[in-house]
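In the two complexes below, subunit A is the common chain; its partner is subunit B in one and subunit C in the other.
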Partner chain A sequence: MAAGSTYEPIATTTLGSTAASYTFSSIPSTYTDLILVVRAALNAAGDIYVQFNGDTATNYSITTLYGTGSAAGSTRFSSQTQALIAYYGNLTSTLGNTNQIVQIQNYANTTTNKTFISRGNNAGSGLDANVGLWRSTAAINSIKLNNSSTTFSVGSTFTLYGIAAA
Partner chain B sequence: MLNVISGLLAGGVAASTNSYESIATVTVGTAQSTISFTSIPSTYKHLQVRGLTRGTDASNGGVAVYMRLNGDTASNYSNHGLDAFQGASANTEAFGNANTTYGLNFYQPSAGNTASIFAGGVTDILDYQNTNKYKTTRSLGGYDMNGSTSGYNYIGIYSGSWRNTAAVTQIDLICSAGSFDTYSKFALYGIKG
Partner chain C sequence: MANTFELIASSTVGAGGASSIDFTSIPSTYTDLAIYLSARQSRSEVVSNTRIEFNGSSANLSCRYLQGTGSAAVSSSSASYLFAASPANTATANTFGNSYIYIPNYAGSTNKSVSWDAVTETNATGAEAYLVAGLWSNTAAITSIKLSSLSSDNFMQYSTAYLYGVKNA
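Showing the complex of A and B:
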């Protein structure tokens, strides 16, 4: 039997001033999966990353499948201090040109490492499908969004949803 | 659903999330080769299957998660995929399979791969209760093992077709080799339209 509505917004923000990063903190453990939706821009085109629970050690890795507009390819990054959530589908300096959606499943379990899958879409440069790994069995209680440029632009929107299973 | 939400956010309008409901969840306690959702109600517009899985097979090359609908074991399925499997070599491939006896959702690690790493996968079954259309599915899934070259790091997107106009009332998720390991989980959700 259905357990009722389960796709709930946990928090959302629209930046009123530029910011070097943005953090969702005190994420409740009451859901099964998390969905992070990014609609943002940077002061110059660049990459966007996540870090969990303030972990800045080399515990992140990612495998990406991308399209550049003329070719498909793939690559991977191992033992990183943060994880890309998009590659060719990364951010531009214009709001509205890109989106990134990250799915973090079983984020609150304390038995397994954390796998997350994401899609990045950039109307100008390409798109990608990605899978990331955070080598930690800790429950995720914060997500920090970083970038390879200087700041996220005013008007950037970050939204975190929770999905609960029956 | 996510595209809709993204579009709504782009328009500055809060997403409505009261149309996404949990139907059932299975968490594997003892390894099992097939996980079934039965008696699926017809009260939704679309279905979504969310999996976090790992196999027991001794191999390390990636074990597929197959899907059958309404118990149909005939050659009524087809699929296309675009995926990357990064191991000792870097590979990107596009493929298609016609007249198969199952659909393909995503690939998962198994006993031959690094321990405690599971694949994440999301599959949408669109218009599942419509009796005038064949059924179309789409999936995103994969797993990363911090660059391990013992096997592959997988990510892929897949589309599938079930050439049948019957309403979907049963979903079987099948491990292509061995069984789904302990702690694997599948959750079924309904999306209203």
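Showing the complex of A and C:
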């Protein structure tokens, strides 16, 4: 990819204090796709989830293909109130030891449900490639990051990029 | 908006091959690094492995990977290396493998986690897909990257690697 202006930062944050969640709000609809890069830690190892537009209904599902370092498998989580973005490639309590990258396709259209692909990477417990679905035709204008533990640690970084087709 | 995805350096292997592809003097002015690698190795096999090292150190590297062989999916790990597959010299002629390597916060003061996706499709048995979670347990900023053959073979002519810097603002 040659240097160009189609891959642009929308927002980024590095937590200065612990937080139960973090939300990207007022996401502009001017891009084609979104990329979310997570480099975070929790007070105890656990999962990380996304919710869109504040929707807490059972409109999320995810199918994961994972490797643990000794086994490979796949499973599905249907009718969830939030969507995992990593399964075995989830967070630890050590900042820098994991990363999660989420690609959300055609996020601003108002005709189709929204799908995303994510990669979770945790060299200590495993990795995964996931496909997620939010059953809503609304344009995504906010993304909330939740976790299964108590808080995201200080220094956790969340960055949202937009990709413009033209 | 800022232009956030910028080419830092690139390398194309010439006639005779190369034992490694090296990126040095990587500036610390970006947030993340991305590498696009197209490679084929000289090893007399269908598939070989490409390893990555940082700052001239081969220590403190580890990975877990998910490997699709065309007939099965398996997962394994290494406590010594961070690597993924590339086609080698007995693979279908003129076929190179693709890798996408992403390194968040490469200049930060924490350990460095790595996401690596690789394919070696050759329209034949032995082709593989790799998803890799890697870790360099070192808090130094990454200033150089070495890509080489895990079996000490060469990258063949026409292998290419492009290093990009990604800015979050």
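Methods note: the second predicted complex is superposed on the first by the 162 of 166 C-alpha atoms of A that agree within 3 Å, B and C clash if a C-alpha of one lies under 4 Å from a C-alpha of the other, contacts with A are read in each partner's own complex, and residues count from 1 in each chain.
FYI, contacts are C-beta pairs under 8 Å (C-beta built on N, C-alpha and C of every residue); 3 or more make two chains touch, one makes a residue touch a chain.
It should be emphasised that the depicted structure is a prediction, and the values quoted were computed from it without experimental measurement.
Once both complexes are superposed on subunit A, the partners subunit B and subunit C clash.
Put simply, more of the residues of subunit A are touched by B, taking subunit B and subunit C as the two choices.
Of the two partner chains placed by the overlay, subunit B and subunit C both lie in contact with A:119.
In the superposition on chain A, A:63 makes contact with subunit B only, while subunit C stays out of contact range.
Once the two complexes are laid over each other on the shared chain, residue contacts for A:46 go to neither subunit B nor subunit C. Residue contacts after overlaying the shared chain place A:130 against subunit B, while subunit C stays out of touching range. By the touch criterion defined above, A:94 reaches subunit C but does not reach subunit B. Overlap of the subunit B and subunit C contact sets on subunit A: residues 1-5, 7-9, 12, 37, 39, 65, 72-73, 96, 99, 101, 119, 129, 157, 159, 161.
Of all residues in subunit A, only 1-5, 7-9, 12, 37, 39, 65-73, 89, 94-99, 101, 119-129, 155, 157, 159, 161 touch subunit C in the complex they form. Residues 1-2, 5-6, 9-10, 14-15, 17-25, 41, 50-52, 82-84, 86, 90-92, 94, 116-122, 140-147, 153-157, 183, 185, 187, 189-190 of subunit B are the ones that touch subunit A when the two sit in their complex. Interface residues of subunit C, counted against subunit A in their complex, comprise 1-7, 31-32, 36, 62-67, 73-77, 102, 104-105, 108, 110-115, 117, 131-135, 139, 164, 166-169.
If you check the complex, the residues on subunit A that touch subunit B are 1-9, 12, 32-33, 35, 37, 39, 61-65, 72-79, 96, 99, 101, 103, 105-106, 109, 111-113, 115-117, 119, 129-133, 135, 137, 157, 159, 161, 163-166.
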